[in-house]
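Let me give you the structure first, and then I'll get to my questions.
So that you can tell them apart, the chains are marked A, B and C in the order they are listed, and the count of residues begins at 1 in each.
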Amino acid sequence: MFAFIVRRLLYSIPVLLATSFLIFTAVSLSGDPAARLKANPRYDQKSIEVIEKKYKLDKPIPVRYFYWLKDVTTNKLGTSLNTNQPIWPDIKRVMSHTAQLIVTSSIIAILIGIMVGVFSAIRQYSIFDYTATSLSFLGFAMPTFWLALLLQILFVNIYLKWDLRIFYTSGLNNPDEGAFSLDRIQHLGLPVATLVIIDFALYSRFMRASMLEVINSDYVRTARAKGLAEWRVILHHVFRNALIPLVTVVALNVGGLLGGAIITESVFSIDGMGFYFRSKLAQLDIYAVMAWLLVTSVIIILANLLADIIYGYLDPRIRYS
Amino acid sequence: MPEPVLLVRDLVVEFATEDGIVKAVDGVNWEIYPGEVLGIVGESGSGKSVSTLTLLGLIPQPPGRVLRGEAIFKGRDLLKMKKKDLRAIRGREMAMIFQDPMTSLNPVLTIGNQLGEAVKTHFPDKKNDEVEAHVVRMMQAVGIPDSERRYHQYPHEFSGGMRQRAMIAMAISNDPAVLVADEPTTALDVTIQAQILEVLKLAQEETHAATILITHDLGLIAEMADRVIVMYAGKIVESGDVNIIFAAPRHPYTIGLMDSLPRLTLDEDWLRPIPGQPPSLINRPPGCPFHPRCFLSQGRVRCRTDEPPLGQIAPGHLTACHFAEELEGRTSHLSAAAGTEVAQ
Amino acid sequence: MLASAAAEEAFEYGLEIKARSQWAYARRRFLRHRLAVGSLLVVTAIFVCGAFANHIAPYGFEDVDLIYGDQGPSAKHLFGTDELGRDYFSRVIYGIRTSETVGLFVAGLSTLIGVMIGVLAGYYGGWIDNLLMRLTDLVLTLPALAILLTFSALYGSGNKWRIALILALFFWTGLARIVRGVFLSLREKEYVEAAKAAGAGDLRIMLRHMLPNSIGPIVVNATLTVAQAILVEAALAFLGLGIQPPTPALGVLVFEGQDLPQDWWLTIFPGLTLVLIVLCVNFVGDGLRDALDPTQRRVRA
């Protein structure tokens, strides 16, 4: 098991390097990173030349890549070209906010998704199943941004009509409120709800399909033939086995979750990674964008690694391969 | 004459599919006596598996449905029992061995866990180490080497033959009165098949269980069965003592089956399969189900209009053919007693 | 052992059943799904509306009419108007046209690329397969939306064809994996070996023997890609980094509408249209999957 983990970790490193190279190249090819500065009348020719020297902008891309990599790993993720501030402190701040959003919505979505998926499978073709299936299809077709907007409009109108603040429709929290206060919950409520609805569709569908596949398998028939009570068959044989593929689904969805974060944070003006990314991209702050992409790649690789480990723990067949 | 341990009367099982209602088992009657081995032979789709799965309530209902029939086991009708009572019998007094041991065992649980589960379900008061000792004994009995260590292993660490041995061990661990083996060797390599056959024989001798052996492999039947039932299109077409069925079959289908086996001692150029396809089990036309492929029928009207009833042509020998007397005097090249063919 | 005339007849009858066209069977299965068929009709109707936008839309999408500005849905303006008095019904119809163009283009191009790459990887295996799969793996390591946003912002310049190209270059990965999987498994089949032994060239084997077997998953995936592409394009437009105004696209319309939450029709109608299109395309894709991939049965016989 340990060897398995170590192997996967070692494998991740070249992946990360390749990814970072791709990011750097793709972004840098789009144009001159200093273009914005050159357009800005506040920077005169001399300052621009100094900056170009500092960022080695006159060198070819592969060379610049190495300097960038060195800068990023040793110097707080580098410095933003636009603001001349180090990037890491900003990202650290927004990461914690987004983490709160994503972790909360994931846990809720997974729990509800599992419950609904399991129940749908056990009572296949029942009214519950049809309702759940329809809702899932709706969830798949729903653009995240639109759902977020709808919720926002709804609660804005509730406030305007009845002067009732159930959930806040923008911002992270009111001043002087902490990270785990009721106020924060009220602010994060709608973004979390948005992400839960979207993700729940995926998880419940998947859980249902997985359960159905397992329920019809031969070893479940054997379990029944042994005389086990149906509840025990479901719990001990079906559910455990059906849960395993869900680990992969959740891991693969991390990228999607981050995308969802970008959207919901934009709609609800939450100071998180998504909001940060979007604004930096709009300002064409190249180095910040690249640093962000690098950080998220690391997060996704770690998430996949974690999923692999959990999977290996649950399914003994994987451990020895 | 001892009492049969299991008696099936007029069993009809149908399935609702997208294309129509399939009559998988169409009015089947048989019985099995304590300690005997009853072989059920037939092609895929003949209904041989469904008829036994139904007895243990392992047919999903929907889409399956038991239209009518009774299955008397120790004085009670299995088909009308409450779920709770049926569960008490499953794995305890009536146990099943399935075809594909790889998919029939849960891949994420240890062998010991699964075999132990079979015991603990019916004897919940037994302590864990008692159960483990018992399971290890069973594993040793079926010939799994190094049982104590293998108890903690997973199915994927076992070879195909060992997995099937584990399945057999699981089936006999509660000393059942009836053992059902559904195609126990089909999914295995030929060399392993012989070994598993020996294990099955051993299991049968040790437990004195009435064994139902379902297979399409005539060699297996010859080696192990006392009596044989031949099924076709959901019906029984012939039944009787295994030696007689092999030496002097009295139904064109049985004859076709025997003849389709390649002969080792004769120099032949062509195999002789039964021409045609098995009939669709949806809306079967009237008459004998086998007549489109029958060499004996030769298009006779009676075969096309009247379904032949299963009738006795000799003591203990039943056949469902209008013209079975015409088969008098025929002998096949096979002999069950020799387990192989007899030189003609 | 005589095969009587009746037996011969039955034999041939059996062969005839097998010869019945695979496509007829698939079509029959699809038509049984009323939901899929209904969705197909709805989607086709919507797309036709979009295609003939010039003739169907009652107003031009730029037509300004300040007198009727900021009005809710009415008989004159089915979907209401924005603050400049532009008729939203017309704008939505033109938006449909843009969205469907992008969706179909992305699905088509990504399918083409995906099939080519998948065929190469699956057929040749070995290092080609390894290389291509590592490439697709890398693409998956990055958060999809972020990557698309980045490329859109840097290379897209708000132009719908550029954006569509960027999307296509991202979406091919999913299909490539599927095709590769099918080809990898088919490669070992005997009829491929037989064709090779008969001297058939690689290309011929790929096209005539193996590709037809993967048509099912390809079609299903292509259909679902249309829906995905439309959704993603709308998201990009909404975040201001995709298709930009004044080009009408459903996402752009929502983007413009979000500043006026009291004029709820500005966000609801374009969004509803999006949901309807995507929902129907998904249903069609699901029906296709059932029809073309009979191995996934719901009833176990």
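By definition in this document, a contact is a pair of C-beta atoms (placed from the backbone, for glycine too) under 8 Å apart; a residue touches a chain by one contact, two chains touch by 3 or more.
Because the structure is predicted, anything quoted here is derived from the model rather than measured.
Across every pairing of chains, the maximum count of C-beta contacts belongs to A-C. Geometrically, the chain at the heart of the complex, using CA-atom means, is C.
Averaged C-alpha coordinates put the centre of subunit A at 54 Å from the centre of subunit B. Inter-chain spacing, taken between the CA centroids of subunit B and subunit C, is 49 Å.
Averaged C-alpha coordinates give centres for subunit A and subunit C that are 24 Å from one another. Within subunit B, no positions touching two or more other chains are listed. Looking at subunit C, residues 300 sit in touch with two or more other chains. Chain contact summary for the complex, subunit A toward subunit C: residues 15, 18-19, 22-23, 26-27, 30-31, 137-138, 140-146, 149-150, 152-153, 156-157, 216, 252, 254-256, 258-260, 262-263, 266-267, 277-278, 281-282, 284, 289, 292-293, 296-297, 300-301, 304.
Contact residues of subunit A toward subunit B in the complex are 217-219, 221-230, 236-237, 240-241, 244, 314-317. Touching subunit A in their complex are the following residues of subunit C: 134, 137-138, 140-147, 149-151, 153-155, 227, 231, 234-235, 238-241, 251, 254, 258, 261, 264, 267-268, 271, 274-276, 278-279, 282-283, 300. Looking at the complex, you find that subunit B touches subunit A at residues 56, 58, 83, 87-92, 95-96, 98, 100, 103-109, 117-118, 121-122, 154, 156, 167, 170.
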